[in-house]
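Would you mind keeping the following structure in view while I ask a few things?
Note that the chains take the letters A, B, C and D in the order they are written out, and that residue 1 is the start of every chain.
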Amino acid sequence: MKLYEFQGKRLFAEYGIPVPKSGLLRSPTDAMPFDAPGVLKSQVLVGGRGKAGGIRVVDDNEEANLAVEDLFQKTIGDEQVAAVLMEEKVAFTNEYYLALTHDGGRALPLLIASASGGVDIEEVARENPEAILTQVFDPLLGPLDYQVRRAARSLGIAKPRQLSDLVARMYRVFAETDATLVEINPLAQTADGLLALDSKVLLDEKAAYRRKDVFSALLEEQNALTGQSESLEKEDTTTFVDLDGDLGMISDGAGTGMLTLDLIRDAGGEAATFCEMGGFTNPQVIYDAIGSVMARQPKVKALLIVLIGGFNRMDEMAEGILKYREDHGIDVPLVVRMVGTLEEVGKEMMHEAGLDTFDDLPGAVEEAVRLAKGDS
Amino acid sequence: MKLYEFQGKRLFAEYGIPVPKSGLLRSPTDAMPFDAPGVLKSQVLVGGRGKAGGIRVVDDNEEANLAVEDLFQKTIGDEQVAAVLMEEKVAFTNEYYLALTHDGGRALPLLIASASGGVDIEEVARENPEAILTQVFDPLLGPLDYQVRRAARSLGIAKPRQLSDLVARMYRVFAETDATLVEINPLAQTADGLLALDSKVLLDEKAAYRRKDVFSALLEEQNALTGQSESLEKEDTTTFVDLDGDLGMISDGAGTGMLTLDLIRDAGGEAATFCEMGGFTNPQVIYDAIGSVMARQPKVKALLIVLIGGFNRMDEMAEGILKYREDHGIDVPLVVRMVGTLEEVGKEMMHEAGLDTFDDLPGAVEEAVRLAKGDS
Amino acid sequence: MSILVNENTKVLVQGITGRSGSLQTKVMLEAGTKVVAGVTPGKAGESVHGVPVYDLIEDALEEHEVDAVISFVPAPFAKDAAIETFDSGIKLLVLTTEEIPDHDVVSLIGVARARGARIVGPGTPGLIAPGKCKMGAHPTRMFTEGKVGMVSKSGALSYEVGKSLTEAGIGQSTVVGLGGGPIWGLSQTEVLELFEEDPETDVIVMLGEIGGSMEEEAAAFIAENISKPVVAMIVGRAAPEGKSLGHAGAIIEGDRGTAQAKIAALEAAGAHTARIPADMVDIIRKVRGG
Amino acid sequence: MSILVNENTKVLVQGITGRSGSLQTKVMLEAGTKVVAGVTPGKAGESVHGVPVYDLIEDALEEHEVDAVISFVPAPFAKDAAIETFDSGIKLLVLTTEEIPDHDVVSLIGVARARGARIVGPGTPGLIAPGKCKMGAHPTRMFTEGKVGMVSKSGALSYEVGKSLTEAGIGQSTVVGLGGGPIWGLSQTEVLELFEEDPETDVIVMLGEIGGSMEEEAAAFIAENISKPVVAMIVGRAAPEGKSLGHAGAIIEGDRGTAQAKIAALEAAGAHTARIPADMVDIIRKVRGG
């Protein structure tokens, strides 16, 4: 779960990380928290709001009111601006980049520091990688003092003590809220010390079960701003992506799903959906997956279900498919490829329901592509 | 720093460890927090208050009032009862012992569990050691679920989940307050679950610098009850013990201090004080040490200072001794043995002040014993 | 020989009484795996498909030798259960559990390293040394004993390829599923190294996918360290840009993470590349023939 | 030979610019110790008695080889500084700092073990291999090269005994101060084992005191594992009951922890016992003579 800047900064403030004075406007009619000058910042989850005109420096109140009205009208990426943060203008001498995250390949947490703050760090990483200092650390110890001193040196901070304190607080946010990323970019060097001018915090939804109160409150706040009703309770691990073709595709694995996309294209077809259910599923998951794909009609002209069960059980997959067909019908041509764990049982269930399945993936793909084209 | 039962239980409650309903009487005139029946418990830091009559079960309010008056009069060990805790009477089926501490020899934290709760655990350890389960654990991980399940089995707790939860909370107390001991004895099995009927918490004064607020508040509360003025700010690491003899003894190390006691006895003398300053000292420490010993006059008939400096500097020791003599005089015979780091400088300073020192420890001891006896 | 496990590997199942643990125990036993014991707290004394159940690993170790553990323990308890395995001195854990919080994954992998133990996973389909030992989900009939070593993040994809190879009569030494990430215990390069050292593996099959940089890192490692022929297949050639396809990192951003780039890196490192499983068969035959 | 350090040991001083660090560096240099570098954050470029100062150990390692570190870092920073040492691959740390919180001590010793490093201390007077290397407070003139290995919790007590032995012409291989406790990195039994294995140590002197059970544990260890003659001295024969005398655990409770009990245990284990330092000299001569 990605937090809005203002949510991340509130978290920072709770942990004693210095942030500028600010106030949130939840709607264009909200009163200004303080008089201009100030900086008005669109609250969106997508990146690149600066380039998209989502940040305005305002010098007087009239200008501020106009800017607020304007910002609330904006769409950045696909996102309607959810709120506007009014923040004091801050004078600073340097902008740094500082972040904590995990290095998946090394399976260790990572402290990232760069003197090139205030710009897109991925760009820095591409064009000037030596400007970024990354240090892995022991997850049970946190970043150590000597590592912070090393970082301070690379940032050109003469007195490392203030950075030690800041990193210790960032680490507490990282560990105690089950964050996967805690990023400050830019971190400003001001006359009064270091100040977090922006926040980017990603929380690990896999840890929602043990951070229920905090995660729920943040999500409800987001829902209230966006009018959506996202939920922490994920019933399944399905990944659903809309594509431009006509063949609905469901698979029980990301790798096979991608292979199937490749095979569809090789066979001259185009997928309408990439819907992969993961390797630990159940009848309800495939039931819901079929529902999601069928909701894409009329785009979807045929449905291809590719199953190769390891932990997934083919009896359960058959159960879910047949239940969906009984409840809602499947009024496009259906091709099912079913092999793997308990395939004898699943195939028999399908056969009895008049649905014979394929063993062979390329054969199933070719048949589905043909059917999606309306060939008979 | 040792906490009173009520302080430990308040800490327990803050961390969600179940404790009985209770209220504290800070003086005999305080109102009863609730009606009898209940248990009145003397608040003292010394052990063995049960055997000393410091705990009374009361069935009606009149009995309770009389008992309170009586308990506030009591002295247990050397301690005046500081307060009385009125606690609800609790029905239970089992009494366990549970504690977290460090095993110094193995340098690992330790989870201790015993089904023989409610009695002196040291006695259990001597007489029935197999009734105690001790498990070391990784300090960075805390006690693990399987270790708690092992403990639950040894306690005869069928559902380990409640014990896991309790141990997790005890561990947080242990780690987050820098405790050296968190002990619940007895931990009662009641119809509503586990309940801490007593608390013993030792906090690590060496960590006071980073737990200032918490430690200070607890200590001030203790001072308010006892009328003493203990302080967290230890200027030195001196250990001072009063003994029954006539020779004041100061050493700069525990080991040499004990050796000197042995040598004094071997020479037919008896020490009046054991005052050891530790191996990292300075002029003020020895100045204060001499002051403490001289305050024991008339008991102290002579003063023996035994110095063998490693990290301690003999120039600084000479400075402290001479400063004390200048400020207050030392009106008993003084024998100084001075060797070790910067001894040339120290000896020269002493010599110039008319105080020649010994190199030889047995010789210095014999001389001091002779002088304390008034032989000349 | 095979890597990580062999015909003598004695396996303990953590979470054996659960739905998945119990079914997979049956399937592992049918595949000939020596499943000697199971653990589920509170279920001591029960048995699952003839396998005795204990409360603690130490109880099982009083009765059985155990070389490796496969865990089906739910995510909230997975970390402590994993450490129970390492603290018991067991050096291989196949951790099938998905959705373990990242902070727990990193901690438990740290403990494994400190204890000199290996973790396959988390979120792994496990591994199979066909005809010898199966620890995980690989459908038995899609694999057969032989000399191809295979490594893959994705479970299902390795089943697809295993099925094609097995149908073509090409057997496998060991097939290892690393898990979908984003954090891995056993890494792809460690597996490549094990295959390089395994005298009974003659060809290494590596299955990759778009996104991340694991394949590029593998390519660099192969160029330096692997002398055996490597046949790679990268799926996601037809994937759209900017959309995450399930696995952590399976996303193309601009020109980064494309199948084309990965294929080029692997070919530059001397690996052979296959477009689809059927190609694999031809390439392996050609490689062996030459 | 000597244990833990020798004439080639290159030493780095953590906290070298502090009062104690700076003086002890001078004394160590005078004793012939190869002090090659020092570290104090923010003091890079300075020098202390000719020893160059760096901000980080890694900076020092770019210029110098380092075998061992002695730390004078204040308690609040001692843990991180210790881990900096271990993370730099240095396998011996003499940690003189006193008053480190117990939780930090336990953590840093845990890290040392995980990295395969040894900690002498905390709160240790350090160690000296006379004529070869001095890392700590042992007054140089009280020690001389020879074949007695000595171990003690207490610093000052080992200086007393060292002085007596040296004055009698009996030299030492290495003298190790474990520190006053309550938590120890290097243990007494580990030191005994090192002396047992050291070909140039012929007699082991063990200094103990009342309280705790370290001497009883050492007695059990000696009975099982030590073939060389051990001469022990336990101080505190004249100590009063129930009063803590400085060191953690230096307290007699009832019949437990008395010097008599410890002496009896050590004699039962075959150790010789001395009442006072002067006795030591006689016993060592007798042991060597026989």
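What we mean here is this: contacts are C-beta pairs under 8 Å (C-beta built on N, C-alpha and C of every residue); 3 or more make two chains touch, one makes a residue touch a chain.
Predicted, not measured: the structure shown is a model, and the values here were computed from it.
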{"item": "Selected pair, greater C-beta contact count between A-C and B-C", "value": "A-C"}
{"item": "Repeat of interface B-D, chosen from A-D, A-C or B-C - more than half of residue-number contact pairs shared", "value": "A-C"}
{"item": "Centroid spacing, where centroids are CA-atom means, of subunit A and subunit D in whole angstrom", "value": "55"}
{"item": "Whole-Å gap separating subunit A and subunit C, where each centre is the average of the chain's CA atoms", "value": "26"}
{"item": "Computed distance of Cα centres, subunit D from subunit C, in Å", "value": "49"}
{"item": "For subunit A, residues that touch 2 or more chains besides their own", "value": "138, 140-141"}
{"item": "Interface hub residues of subunit C, defined as touching at least two other chains", "value": "107"}
{"item": "Overall pattern in which the protein chains touch one another (line/ring/star/complete/other)", "value": "other"}
{"item": "Contact pairs between chains, per stated definition", "value": "A-B, A-C, A-D, B-C, B-D"}
{"item": "Interface residues, subunit A side, partner subunit B - complex", "value": "140-141"}
{"item": "Residues of subunit C touching subunit A in the complex", "value": "20, 23-24, 27, 75-76, 96, 98-107, 109-110, 125, 136-139, 142, 152-160, 163, 180-185, 187, 207, 209-210, 214, 217, 235-240, 243-250, 275-278"}
{"item": "Residue numbers on subunit A that touch subunit C, as the complex places them", "value": "102, 104-105, 107-109, 138-140, 175, 178, 180, 204, 206-207, 209-210, 237, 239, 241, 243-244, 251-259, 261-266, 271, 274, 276, 278-280, 308-311, 313, 339-341, 343, 361-362"}
{"item": "Subunit B-facing residues of subunit C, complex", "value": "41-42, 55-58, 77, 80-81, 83-84, 87, 107, 111"}
{"item": "Footprint of subunit C on subunit B - complex, ascending", "value": "138, 141, 144-146, 149-150, 153, 159-160"}
